Structure formats: structure tokens, C-alpha cells
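Just below sit the structures, each encoded as C-alpha cells.
One chain, chain A, links the two complexes that follow: it is found with chain B in the first and with chain C in the second.
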Partner chain A sequence: MIPAVEVLDVGKSFGPFVALDSVNLVVHQNEFVSLLGASGCGKTTLLRIIAGFESPTRGQVKIAGEDVTAQPPHTRPTNIVFQRGALFPHMSVRENIGYSLKLRKWPKARIDEQVDRMLALVRLDGFGDRDPQKLSGGQVQRVALARALACEPRVLLLDEPMSALDLKLRQQMQLELRALQRRLGATFIFVTHDQTEALVMSDRIAVMNGGRVAQFATPRDIYRSPSSVFVSDFIGQTSLIPCEIVAAANGIAALRIASGAIVQASMARGLPVGAKAVLSVRPESVRLSAMTATLPEAALTGDIRDVIYLGPSTRVSVAIHPSLLVWAELRDEEAVGLSPGVKVSVSWAPEAALVIEEGAPS
Partner chain B sequence: MTAGTAHIGMREYGHDAREAARAAVMLSPAVLFYVIFFGVPMLSLLVLSFWHVEGFDIVADFTGANYQKIASSGLYRDILLRTIGLGLLTAAITVPIAFTLSYLMRFVFPHKAQFILQLVLVSLFSGYLVRIYAWRTILGKQGLLNSALQWLGAIDRPLEYLIYSNFAVIVTLTGLLLPLAVLPIYSSMANISRDHIEIAADLGSRRLHLVRTVLIPMALPGIRTGFAFTFLLAAGDFVTPSLVGGSQSIMIGNVIADQFRGTGANWPLGAALAFVVMAAVMLIVIVITHLIRRVTRW
Partner chain C sequence: MVAGSWRYVWAYVFVCAVMLYLYVPIAVTVLFSFANSPRLSLPIEGLTLDWYSRALDNPLIVTALRNTALLAAISAVGGCLMGTAFAFGVLKLRQERTRRVLLGLGLLPAVVPLLVIGVALAVFFRTLGSKPGLFNAAVGHVLISLPFVVLTLNARLETFDFSVLEAARDLGATPGRAFLDITLPLIRTSVIGAGLLAAALSLDEFVVTWFNVGTELTAPVLIWGLMRRGVDPSINALATMLLAALLVLILAATMTSRRAPQ
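Showing the complex of A and B:
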């Protein structure tokens, strides 16, 4: 199948500032892809290049196999939704949604039919004759979505369309948008700085950093097997511990950390013994237990620094070395008796922790 | 703060009767000012227009004679029509220039917009008569324009119609009134964001279609105000035609002014003329703004 969108070696500079540095990205048809990154990482620039609002300094953009690099926005089979709906205030909701259809000279009856379909799609039946100024923030974004979808673009581009909404509404709309995309069977490219949003909605996430794609993979792979220290740190919470490889077998490595303790973690890439690396372990994988006299010498121990109650869980930080903190996320009953200053031993299942090459491209 | 949020605030105001009452109290000084300094003089002028002149005295009675005289006079009608024509032409030239300038300031040179706006305002400070005379030095027979054209060899002798003509009146009025059109149009363009333009383009609109379906409708309040300013002030002007206009440039403002000064003064007739002009001009403003809305309706 021809990919929906191909971004081939795209670069973009604004004067001396490099916004995008050789981005490659192939988005399949009917896929929901998020471009995730902090502000300034180039995600919006990339989206605007796909939309046609910016032209790349180098590289190529293909949509459904066709090279559209030189095409203006209005001839591309893409439509965009912005952070703030930008509805046309002088038109009713119905006229806003039908704007592109009237422009394409659809007959009136067909426009009405399509607009009604779009209103139903975004669950705003009966809102057609409203004045955009009388809509709530969530409704505005739904209308903007309906307007962008009305002429049935191959690819829908979304530039942080929910970041202006409050949390509850945002969570609800995330699920709706996901369901909508499945139902339509369209390709969505979604820009966000909110990792939860990206994890909830995406088939695949492109984590961006410094104008590059750091990793492009499924949410599970991004979370479980981050390809670099940056991705591991950016997605979810993690403790990053510098270490040195002392032995490796069957994908499990033994590592020495600064305190001298020996710990184990899984290692996807075969790094040589003696190599410096970074160990990444998620808080939910870390186990804490009270100190016993029978611990082996090389066991990992530390003093509890902070105990943070979060409701469903409790987050505990343990200083395993003067400057090294490991975070653990525990269920309530596991956290009983843990308070700052208490000495504990720290452990995790080797397959739940990951060795990442120190110099891995971020 | 955008005009949009102010709008919402106003609407919420209206919901609460007590708030509305308080708003009325707070507005009353402005209303009082308006009544004293606008309402009363207008009313006295209206009364005056039904009086008449005998010899050199104004006689207070109630007669429609002034209005009859205006209605039956072909001369007044011709001058009134010419005034309206010149006013419309001036507005029709000034508003698009102001619109273009506002667009450039808002979207093409946004970082220079403040500077341009200052320039526009400075031209307002420099005084009305001074600016008319400035145009005389530009358009005159030995003026800047003619000299330049001659020096370039484009013409052999000075162009006569540059000064003391309807052309001169329109150019001068456009120059005088441009700031008054730029200010409202530019400020109403603040409501249009780049997002609106990009979305329209993304949905398939471009160039004139985008201007017609998005830019003009969204800037319409400013365009309407700008149009009304330029048309009303151009149609009411009498200094410009008398300084740069020719024999065919007498406007109704000159005729009205003559009724209030000099030997042939006839205040009641002048007042009646003023009201006829006001009615005609207001009617035209209403019709035109309505037409603009119709044409640009999506």
C-alpha cells in the first residue's frame, strides 16, 4: 500500500536557525501518528511543511505517493486544525463547516447533507445555526474539526487542537478523536507536547528533539524500549543511572553503578564489557524492601529521601548514592512503614530495566 | 484583550438588570454631554430651518419654504449630486487604500506596524489647512508633480488639470482622510489572525475569494466606519474645493457656508440645506454599508 505521507530528508532553516534537521517519516494510511516533543523541537514546523504553509529548505514531501513539495496548501489533500479553532466569526457553524464545499461548488443539497453528517460526526447535531461566538471552547474545536473533515481530506493535520481545553474535556476529546479516526479510516497527524495525549491516541509516536526524530515507534515500544536516553527521560518517569557493563549474557547485562553496587538489566544492543552506558528503570518496576542482615554485599541500598502520596499510588525517592536518586512507585500497602531516612534495599526484575547506549543519537 | 472577549463581557452585562442599571448610571455623563453639545445645537438648527428671512431679519415662524426652494432648484440638486459623487469617489478610493495599508501593517510588516501607525497619526497632527496647502504645492502648475514630470521629460508643459479641478479635490481629500480610514480598518483587522487566513487557504480559498469571504467580512465594522468617515467628511468639506477645486468643483458645503456668512446670508435656508444634505448622506451611508454586507456575505 502506498504510504499516506512520506517525509524524505526534510530540513528547514529560518536564517541561521535550524528548525528541522533531516527528518524522515513514513506514515501509513489510516494511521494515527503523533509528533511529540517540547516546544522548539520542530514538530509544528514539520506539520506546517506537510500542510504546505512552509516550504522545506531541502527534502521532499509526498502525499499518497505524489510529490507535493512545491504545492500550496489549497491543492494538497490535507486539512489542518489549529490550537484555537479560528472559526470564521461572521459565519454560522453550518457555513463554517460548509466553507470548503461551497468553494468547490457542491450543489446546495449535497452541502447541507455533508454538513449534517459532519455535525453528527462531532456530536453537535442541531448546532448548525449557532453563532461561533456562542460556543464553548470544546465545541469550537469540534466545529473546527468538522470544517477540516468536511471535504474529506486524505490526511488530517492537528496542531495541538486540545491544548487550550481543560483537562477533563481534553481527556474526553482524546478518546472521541481516536474513535472518530478509527471510524473514518483516515490518516491523522497530531502535534502535541503532552506525552499522555500521544500515548492515549497514537498508533505510532514520533518523539522529536532538536529538529530530529529521536524515535518513531508504537507507544508501547517508545515506553518500554526507548532508543535513547532522551526518549527514555522524555516519556513517562524514569530513573537514569550511569553505569559500566561488567558482564553480559542472553540479553541480560550486569552493571556496576557509581555506588559500587552490581545490578542487572536487559540489553537490546550488545555493548562490550567495560562500556559506559545508562540504566533506565521505570518507577513502577522498582521494588523496595526493608534492610535485612543477609543481603549480599553488592546489593543496592539507599536512604529514603521523599515520600509523595499521589492517591492511587505513593512515589518514593531513594538516594542510592549522594547524587543519585531512584524513584519507586508503590501501591499503598507496599509503602507502609516507609518514611524519609529509612534504609531500604532497592531491586527490580532485570527484564524491567533497560541499558541504553550513552551516546545514542537523541 | 481582543474585541471578541469584550463582546462576551458586554453580553453578560445585559443579563443582569442591576448591572444594566449601573451601566446606565455610569454612561449618563456621556449621554448628558452628547445631548448638550450635539442634540441641542442640532435641534435649534432644525427649528431654524423652518424659519425664514425677510430683508436682513430672521423671522421665527413655521414654513416649509426653504425645503420647497431646495427641492425645486436644479442648481442645488446638481451641486448636491456632484457633492455626493465626489464624496463617494473619494471614499471609494480612500477605503481600498486604507484596507491595503492595514493589511500590509497587520500581516506583511507587523513589526513595522507601530511605526507606520505613528506616521499616520503624525499626519493628523499637522493640521487641516496646512495639509491642503501642501497638496497645492504638490499639484500646482509649478508644483512638485508637474516639475518632476517635466524634468523626466514625460510632459512638455505643465498639466493643467492637476490643480483647480475635481481631480485635485479628490486627491487632496483622499490624502486628508486616509488616516481616518486607516485607524478603524486597522483596528478591526486586529480580530483577524493569521490562523484565519491560513485556514481559509487550507480549505481552498485564495486571493480575491479569501479577501471577499474572510478579510472584508471580518474587518467590516472598521470598513463601514472608515467609509462613513471619509464619505461624510468629503461630502461635507468646503475648504478643499475652495482652495484646490475649480469652477466645476463647488460642493454643497460651499453653498451652505455661504448661507451663514457674508452679504447674501440666509441662515434658515442654510440650515434646511444642511438637513437635506445630512439626510441624503446618511441614507447613502446606510445603503452602501448594506450593499457591502450583501456583496461580501458568505
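Showing the complex of A and C:
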């Protein structure tokens, strides 16, 4: 099958500032892809290049196999949902949604029919004659979505469409958007700086950093097997511990950390013994237990620094070395008896921790 | 009475004095344009519209009024077209500094003395070999109205959400279509307001007109000419007509800009 969108070696500079540095990205048809990164990472620039609002300094953009690099936005089979909706304030909701169809010279009756379908799709039946300025933030974004979907674009681009909404509404819209994409069987490219949003909605996530794609993979792979320290740090909470590889076998490595303790973790890429690396361990994989006298010397121990109650869980930081903190996320009953200053032993299942090459490209 | 109240009394007196200073000369002119005695002296014996009919019977005054209206219309249309295009062009510039400098230069003529503009234009036209007349005066009028149009439009465009234009382009509109469907309806009230302001500025423009209009007449030029031969009450009528037209234009400009969508 022809990919929905191909971004081939695209670069973009604004004067001396490099916004995108050789980006390659192939999005399949009917796929929900998120471009995730902090502000300034180039995610919005990439989206605008796909939409046609910016032209790349080099590289090529193909949509459904056709090279559209030189095409202006109005001839591209993409539509965009803007951050703040960008509804036409002088038109009714109905006129907003029907605008692209009017430009395509659809007959009036067919436009009305399609607009009604779109209103139903975003669950705004009966809102057609409203003035966009009298809509709530969530309704504005739904109308913007309906307007962008009305002419059935091959690819829908979404530029942080929920960043202005409050948390509850955002969570609800995330699920709706995901369900909508499944139902329509359309290709969505979604820009966000919110990792939870990206994890909830995406088939695949492109984590971006400094104008490059750091990793492009499924949410599970991004979370479980980050390809670099940057990705590991950016997605979710993690403790990053500098270490040195002392032995390796069957994908499990033994590592020495600064305190002298030997710990184990899984190693996807075969690094040589003696190599410096970074150990990434997620808080939910860390177990803490009160110190017993029978621990081997190389076991990992530390003093509890902070205990933070989060409701469903409790987050505990342990100083395993004067400058090294490991975070653990525990269920309530596991956290009983833990308070700042208590000595604990720290452990995790080797397959739940990951060794990442220190200089891996971010 | 306590001391505080006296302070208020003085404040009222002062405000009244300023108001009198501002409006008595205008009020007198308007009043005398309706007075039935040819001499300008109080008390007024009776009211009449004679001076108005006499003014409108005078072919010079009619020509002057027609020319003035024509120049006002040219200022409104020409100033709006050029000023709007300029405001848009400046806003599209990427460099913040260049934008500020250009905007400043666009507004500068508003504080250049009219005498300087008038003389400079006259010399400029002479070098070009363009004879003084209504055309030269019209060029001058558009020039002096431009900064005000630019200022009005710039204020509107600063709050203009350009993403709606991108949305239109994205949905399939060509640049021209997006301008007609989206930009124009959204800035229309500001453009009309700026046009009315330009017309109002043109209506009583004298200095630049005087240096460039040659032997043609506009209302302010004619009034100046007539005044040199003593004050004829029909001058009061002419001045009052100008005043009324100005008031209407300014009121209309204020009302349209107040109705502008935010």
C-alpha cells in the first residue's frame, strides 16, 4: 500500500536557525501518528511543511505517493485543525463547516447534507446556526475538526488542538478523537507536547528533539525500549543512572554504578564490557524493602529522601549515592513504614530496566 | 460651606471657561449663519436661511463645494487602498526591526508640518512639469490622509488572527478568494472608518491645497479668498456646512470602528 505521507530528508532553516535537520518519516494509511516534543523541537514546522504553509529548505514531501513539495496549501489533500480553532468569526458554524465544499462548488443541497453529517460526527447537532464566538473552547475545536473533515481530506493534520482546553475536557476529547479516527479510517498526524496525549491516542509516536526525529515507534516501544537517553527521559518518569558494563549475557547486563553497587538490566544493543552507559529504570518497576542484615555487599541500598502521596500511588525518592536519586512508585500498602531517612534496599527485575548507550543520537 | 465644596466650584468654573474658549467661536459662526442681519453684531434680531440659499446660488461656492467633495472622496478611496496595502505589507515582514522602522516612516508625515509638505509637493510637481490643479491637490490630500489610515489599519491588524487566513487557504481557497471571503469582511469596518477619517481630513485641508491647487477652488481656499474682502455672512453658512459634513464623517467613523468585530 502506498504510504499516506512520506517526509523524505526534509530540512528547514529560518536564516541561521535550523528548525528541521533531515527529517524522515513515513506514515501509513489510516494511521494515527503523533509528533511529540518540547516547544521549539520542530514539530509544528514539520506539520506546516506537510500542510504547505512552509516550504522546506531541502527534501521532499509526498502525499499518497504524489510529490506535493511545490504545491500551495489550497491544492493539497490535507486539512489542518489549528491550535485555537481559527474559525471564521463572521460566519455561522454551518458556513464554517461548509466553506471548503462551497469552494469546491458542491450543490447547496449536498453541502447541507454533508454539514449535517459532520455536525453529527462531532456531536454538535443543532449547533449549525450558532455564532462561533458564542461557543465554548471544546465546541470551537469540534467545529474546527468538522470543518477540516468536511471535504474528506486524505490526511488530517492537528496542531495541538486541545492545548487550550482543561484537563477533563482534554481527556474526553482524546478518546473521542481516537474513536473518530478509527471510525473514519483516516490518516491523522497530531502535534503535541503532552506525552500522555500522545500515548493515549497514537498508533505510532515520533519523538522529536532539536529538529530531528529521535525515535519513531509504537507507544509501547517508545516507553519500554527508548532508543536514547533523551527519549527515555522525555517519556514518562524515569531514573537515569550512569553506569559501566561489567558483564553481559543473554541480553542481560551486569552494571556497576557510582556507589559501587552491581545491578542488572536488559540490554537491547550489545555494548562491550567496560563501556560507559546509562541505566534507565521506570519508577513503577522499582521495589523497595526495609534493610535486612543479610544483604550482599554489592546490593543497592539508600536513604529515603522524599515521600510524595499522589492518591492512587505514592512516589518515593531514594538517594543511592550523594548525587544519585532513584524514584519508585508504590501502591499504598507497599509504602507503609517508609518515611524520609529510612534505609532501604532498592531492586528491580532486570527485564524492567534498560541499558542505553551513552552517546546514542538523541 | 466646607472648604472641599469650594474646590469643586473652582473646578467647575475652570472647566466651563475652557469649554467656552473651545466652542464659543464655533457657536458664534453657526449662530450668525442663521442671523437675518448682514452685520455681525449681537443681539440677533431674527433667524433666516437666506445666507444658505445665497451661498448655494453663488456658482463659486457651488464649484468649491463640489471640488471639496471630490477631493474628500479621492482621499477616502485612495488613502484606504494604499494605506491598507501598506499596513498589510508591513505586517507580513519577518524582521521586527524593519517592520517598526517602516511603520514609523509610514506614520511620520502626520507630524511633518503641512507647510513643509505643501511646499515640497509644489516644488516636486513643478520639477515634474505637472501644472497646479485639482490632481496635484488630490495627491497631497491622499498623502496627508495616509498616516491616519495606516495607523487605524495597523491597530486592527495587530489583533487580526492570521490563522483564519491559513485555515481558508488550507480548506481550498486561493489567496485572492481568501482575501475576499475572509480578510475583507473582517477588516471592512476598520477600512470604512479609516476612509471616513481620510475624507474628514481632506474636507478642511487648506495649507497643502493652497500650494498645489492653482486657480481651482476648494471650500477652504474659497473661504480664505472671501475673507480677504471682509466677512460676508454667506461665509458663515459655508463654514457651517463644512462643519456639519465634518461632524457627520467623524461620528460615522467613530460608530463604524466601535461596531468592528473584536
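Just so we're on the same page, the second predicted complex is superposed on the first by the 362 of 362 C-alpha atoms of A that agree within 3 Å, B and C clash if a C-alpha of one lies under 4 Å from a C-alpha of the other, contacts with A are read in each partner's own complex, and residues count from 1 in each chain.
One rule holds for everything that comes next: a residue touches a chain if its C-beta (ideal position, glycine included) is under 8 Å from a C-beta of that chain, and two chains touch if they have at least 3 such contacts.
Worth saying up front: this structure is predicted, and the values here are computed from it rather than measured.
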* To do: Based on the superposed arrangement around chain A, label chain B with chain C as either clash or fit.
  => clash
* Asked: Who does A:L338 touch here: chain B (first), chain C (second), both, or neither?
  -> neither
* Asked: After lining up the shared chain so the two structures overlap, which partner does A:L184 touch, if you call chain B first and chain C second: first, second, both or neither?
  -> neither
* Asked: Which partner does A:R147 reach: the first (chain B), the second (chain C), both, or neither?
  -> both
* Asked: With the two structures laid over each other on chain A, which partner does A:A51 touch: chain B (first), chain C (second), both, or neither?
  -> both
* Which partner does A:E95 contact after superposing on A: first (chain B), second (chain C), both, neither? -> first
* Applying the touch criterion given at the start, work out whether A:L103 contacts chain B, chain C, both or neither, answering first, second, both or neither. => both
* Check chain A for residues that touch chain B in one structure and chain C in the other, and list them. => 51-53, 72-74, 78-80, 82, 84, 86, 88-90, 99-100, 103-104, 144, 147-148, 151
* **Touching residues on chain B, where the partner in the complex is chain A** => 4, 7-8, 191, 193, 195-196, 198-206, 209, 213-214, 217-218, 220, 298
* Which residues of chain C touch chain A in the complex? -> 161, 163-164, 166-174, 177, 181-182, 185-186, 261
* Mind pulling up the chain A residues that touch chain B in the complex? -> 51-53, 72-74, 78-80, 82, 84, 86, 88-91, 95, 99-100, 102-104, 133, 144, 147-148, 151
* Structure fact -> Listed in rising order, chain A residues that touch chain C in their complex are 51-53, 72-75, 78-80, 82-84, 86-90, 99-100, 103-104, 144, 147-148, 151
